[in-house]
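Shared between the two complexes below is chain A, which pairs with chain B and chain C, respectively.
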Partner chain A sequence: MIRQQVLLTEQMRTYAGFAGLLIAWELLARFAFGQLYILSPPTAIVMRIIEDLPLYSRALSATVSEALLGFILGNLAAIVLAVLVVTLPPIERLAQAIALVVFCLPLVATGPILRVIYGPGWGPQITLAALSVYYTTFVPLVVGLRAVPPSWLDLIASYGRGRLTAMTVVRARASLPYLIASLKIAAPAAFLGAIVGEFTGADRGIGVLSIQAMRSLDVDGTWALATIASAVAIIGYAVVGWAGQLLSIGAPPSLLVSPASKAPKVLWKKLFMAVAAPTLSCVVILLLWKISMDGLDLSRFFAKRPGDVWAYLVAGSQAAAHRSELFAALRETMGTTVLGYFAGLGLGAVLAAIFCMLPAVEKIASPVAIALRSIPIVATAPLLVLALGRGQLGMLGIVAIMIFFPTLVSCLHGLRQTPGQVIDYFDSFRAPPLTQLFLARVPAMLPSLFAAARMAVPMAVLAATVAEWLATGTGIGNLMALTNSTSNYNMLWSCVTILTLVSVAGYALVAMLERRVLSHFAPEQVI
Partner chain B sequence: MTDKRIDQTPVSEIGPPKVEAWAVNKVFGYGDSSVQAVSDVELTLEPGTTTALVGPSGCGKSTLLRMVAGLETPTSGAIRIGGEEPHVVARKGRLSVAFQDPSLLPWRTAASNVALARRLAGLPKDPEKVQHLLSLVGLDGFENKRPAELSGGMRQRCAIARCLATDARLLLLDEPFGAVDEMTRRRLNLELPRVWEGQGTTTLLVTHSVTEAVLLSDRVIVMSHRPARVSADIAIDIERPRRASHLTSPKFLALVTQINTALGIIDEPEDDASRLEARA
Partner chain C sequence: MKFPPITRRATLGLLAGGAASLVAPARFASAQTSSAVNFQLSWLPSVQFGGSYLAEENGVWAEKGLDVSLLSGGPNAPVEPSVMAGTSLLGITAADYASAAVAEGATFKIIAVAMQKNPFAIASLPGNPVNSPADLVGKKIGMAVANTPILAALCALNDVDINEIEIVPTQYDPAPLVNGQVDCLLCWLTDLPIAMTMAGVDNVTMLLADHGYAVHSQTYIVTEDALENQREEIVALMAGEIAGWNAYFADTDKAADLVVAKFPDLGLDLETQKVQAAKQVDLMVSPLTEEFGFGWFTDETVADNIATLGLLGREVSADLWDRSILEEIYE
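Then we have the complex of A and B:
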């Protein structure tokens, strides 16, 4: 009874939080920003949605279908790959490397390339939706399939059963919490992928409508579409979570921890891992690239091979000019992206720490943050462009916001993981809250912060390039948009290659830092 | 492929096996950080007998048992079960291990955890047997509870029931009663041997309780720490079935004292109070 009441009041508080937010928004839009054409009041948004319902629902059904297909395909691929990696450990490094490279593909530029490959239709949107979910399912699933107490595996082995039985009897079920948690994230991500696909040249869908609305400075329309996109994303997130609850599958102990693989002890093996393994992965990826293009018999005009990019950027006679054009654009992009990246990360971590010190605020803010986290920020980019302007500030904002919410939620999760005994121990000394925060909670938060920082690298690049493609007219995003419209496919493929390399390098850099720091603060996380 | 049963002979038609170990060594790790967990162990378990393994914590009891179960391979030396290699015997589902930690699957109920053993051993389902074993270990009414809803001792009893579910002729028990309270432990000490004696089993039991070792076994092997080898081998010639009354017989107490002496705990011949960790 009492428990129910407590739950009820907690829910009331959450609803009160949302209601307060809405009222503040309405007032702000009506009275403070009325003349600026950036903020629409909630009532106007709702009116607009009702007015244009037939148009919106047609577009929505297209986008949702694409997202759903991509969700299914991407997750299936992730599950198959994860099971494969866990049953055949030797292929792990290669599989992880390929998965990471595909994850780091700049979706914005991949879209147009896919468009010329597929021709008109839903192909690119579905592929992009699949691409944007599979890595966030693959990584936790590998962790989940592996995070099985050795004694359970001993039990299987003591009856002489092998890996197959271990997979079906133990690992599959033990990894379900991880799978559900990643599917929750995947639902909005698939929707985001589909919308990014639509941004780059589809003929129907929510993404198409929101670009039109943004270009014609239709503020209410842009807000209405962003609202629809957010609502659908939150519903997707909630439906998967609800399915998990229905199957009574709990939350996993940790999310998105780095895919740990045993560090070898012998020197020559270490050398092999440091040099030969990455080289091998590169070779295999380049081969896969070439073979898939050749195998599908795609025209060399738009489906470039590794050799073409090499010639364009390094070996050809004009290579130096091409390089300087590309790298000038890249430099322009990177400045803002890196700034936005750190702003988003820092803001997320600091706010999580503040929430943690003020439990009352956290109770209200945390559900709001989780709901907002599931909004595909990039899908609302047209809106942010309207609100923040077409300059570097707008782009910075998009990148920072894109990273802020996942970081906040991940850090809150990490802060809650501080072992109860440790807190009790500090309490027994009446340690002041700040001491407690820095000595007990922040170290417990670090693994989550780093996990978020790692996954945020490609997200930051995506956000920056989307902003440039749609609005700012600067940087490598703009270069890609230009080359796309002039059919300069050599440059487009070169941009994709370089951006992927930059993302992978950033990811590797964060992962390296993560190992260093965690081996100091949380050695149990580093194997 | 690894999961194919090699031999379909029903387990019940096979007698308890003889277990032999020759010059078994086990080293973990390499170079400076290596640990010699077991050194030069020679051991023969006669068919149908129960042998207890006692020794200070960390002296390699579990490691030896795991090697017999085919879960670790000896660094040198050999182990044969009825003339076959341990992992071959395991693959035929003819040995059963109760692990030091119960390792029940948390998403399965007590009954389905017990039933799982039969599935893993490639045996047909037998709900009645499962039910019988669960009530034997005192878990009536808890068949449909998940491990999280059971106490530590109940979980361990469930693991014992699971271990007995396959009618294996070789039981390897690693402190099966470690988390069970004294009263239940004594009851199980007296009741469970009837199950495996009735069908004829070779049993290897690792325990920290000297009393339990004497009460259950035909032979007690004392292992020493550093070097991790057999330091005494004591026959227990008390008639079976063992009863609670044996606990106070002079012969019993003399054997307990003898083992405690071998372990180096002479001043407390009484029993469990002298938990060996305290020494180690």
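Then we have the complex of A and C:
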């Protein structure tokens, strides 16, 4: 009875929090922004959705179908790749490198190329949706497949069973919580990917409608669409979470015993890993680039090969001028991207800690957090720029928001991974919550935080370039947009190459830091 | 911790589901392999392409034995790669884009010109109007950065120092002007200004074409290769297109009705489309087209274009234009 009452008041507090937010929004839109075409009040948004329900539901069914297919394909690819990597560790570096490079390709460049390859239809939408989910599933899943107590693997080995049994019986099940956590992130991401895909030429869908609404100064329509997009993203997130609750009962296993580090001790092996492996990855990727384009017989006019980029940036007579133009733009981009990256990561980790300490806040704030992430970036970019200014601050905000949400989800998951025994131990000493947070939960969160930090590198670069393309008109994103409209595809591909290299370098830097830190806190993740 | 057992049946079910979802997208991809001719439009469907939709609706192409698919464009859907790759036989783009592509190795020919007057305009509010290029000095102009060369050419044509104009990047959106972030917008006459008018915002427009900016817009491009090897199809395609546009000029309201009915999923507003359809005629019909027919161009208009394109930093030869298809049709 008392327990029920507690639950009831908690629920009421959550609802009251929501109501407060909505009322504040309504007042802000009606009075503070009344004369401006920026913010719509919630009542007007609801009216519009009711009015245009048939139109919106047709558009929604198109975009959701595209997103769903992309979600399934992208995640299947991620699962297959992750299982391969864990079963055959020697291919890990290569697979990781290829997966990373594909994820780093800027949407501004890939969209039109996919459209040419597929022709009319849903191809680009589905592919972009798949591309925006596979990597954020792949990385945590590799972590999850390795988050296994070594004694369990020893047990399998002592029964004379091999890697396959270890995979199906131990690793697959241990990775389920990680898979669910990443599928939750994937649901809104797939939706966003499908919307961006619609920008490459489509006749229906939420993306198409939002371009129309923005162009025709239909502010209520823009917000109605953003609301629908957010609602879908939140529902996707919730459905995956609910499916997760149905499937995996109880918490994932806690790891108290650390296995010995398997890092090579011999010098030549170390050297091989440091030099030969990255070189091999580069060669394979360049070959894939060339072979896939030749195989698809893509016109050299827009589908440049590695040799074209080399000539444009290094060997050609104008190469120095091209380089200085590209690198000037790159410097401009990187300044803000790095700041936004750390802001987003910090915000995600701190918010996760707050949510963990105050569950009531989480109930109110997490839908807002998902909404922030899932409102189409074409809609948020101008809004943020309006709020934070058309300069570096606006872009910083966009970068931070793009990476903060995956970090939050990942860190929350990590915080909850803290072994129950450890919490019990702290409880038995009546350790204050902050001590518990810093000494028990934060160390348990570190693997998840680093996984998020690695993934956030390419995401930050993507967000920055998209923001530059759509809103600020600066840096390398603008250079790509500009060259795209002048058919200077040599410059476009050079930008793609350099951006990818930068992302990979940033990723490697974080990974190096991660190995140092985790070899202390979570050695089972270091191979 | 408890897990459901992994049974053979469950595994098979999972695999079957996976296989089904792998097969699914192939269905969408196969649409392109039909023998149809693709025609790549430069933007989302609207009355901007009203003549093409009328041609399709009236069955002009079907009579000529052509199965034409009209491919929509979008903010991230450049036309040139689609035509260059052979995905589309015909594409719509502007002369400046086409010449840029040719400089990068594309082999395009402009075979007809839909918009005799370039649709780019500068829109401003009546309280702070831009009526002539000189008014731009000291103003903040909102525009897609990709369009900077257009503003530069306008300035060069009218002796205005572009450095005295502050360029603010905006995209597909009149809100920055209405909200006072910028003083004017570089946009299409038939696009954002109409949207503002329909939303009850009075505005002033200045057409760049009235101040010396001569760049053919909504031009039809094909590759040299197609012009040689698929000539009959191109002639049939353009003949149908011309018939479609003539039907459009006869009754623009009907074109607006058709577009709104044909694309119910775009949320197009009928009144806006009617206004746009009527306004667009001024850009497409000129004494030249009255005399020779839709799409026509002459050595003089081409020379004007070459001069303006020179200001845009593009060296173009008159070879980019090829009137032989139009001549064959109007013979």
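We adopt the following convention: the second predicted complex is superposed on the first by the 378 of 527 C-alpha atoms of A that agree within 3 Å, B and C clash if a C-alpha of one lies under 4 Å from a C-alpha of the other, contacts with A are read in each partner's own complex, and residues count from 1 in each chain.
Throughout what follows, a residue touches a chain if its C-beta (ideal position, glycine included) is under 8 Å from a C-beta of that chain, and two chains touch if they have at least 3 such contacts.
Note that the structure is a prediction, hence the values are computed from the model and not measured.
In the superposed pair of complexes, A:P359 makes contact with neither chain B nor chain C.
Which of chain B and chain C touches more residues of chain A: that partner is C. Residue contacts after overlaying the shared chain place A:R58 against chain C, while chain B stays out of touching range. By the touch criterion defined above, A:L164 reaches chain B but does not reach chain C.
Of the two partner chains placed by the overlay, neither chain B nor chain C lies in contact with A:P432.
Legend: residue contacts after superposition of the two complexes on their common chain; A:P149 is shown touching chain B, with no touch to chain C.
Residue contacts after overlaying the shared chain place A:R173 against chain B and chain C alike.
Judged by the touch definition given at the top, the superposed model places A:G123 against chain C, while chain B stays out of reach. For the contact definition in use here, the residues of chain A common to its chain B contact set and its chain C contact set are 173.
Touching chain B in their complex are the following residues of chain A: 149, 151-152, 154-165, 169-170, 173, 265. Listed in rising order, the residues of chain A touching chain C in the complex are 36-38, 52, 55, 58-59, 62, 69, 72-73, 76, 107-108, 111-113, 115-116, 118-123, 126, 168, 173, 196, 198-205, 208-209, 211-219, 221, 247-253, 298-302, 382, 386, 390, 470-474, 478, 481-482, 484-490.
Chain C contributes residues 1-4, 6, 18, 21-22, 24-25, 28-29, 31-32, 38, 44-45, 69, 71-78, 80-82, 84-87, 97, 100-101, 103-106, 144-146, 148, 167-175, 178-179, 181, 191-192, 195-196, 198-199, 201, 263-269, 272 to its touches with chain A in the complex.
The residues of chain B lying in touch with chain A in their complex are 1-3, 30, 66, 69-71, 87-93, 95-97, 99, 101, 103, 105, 107, 116-117, 120-121, 166, 172.
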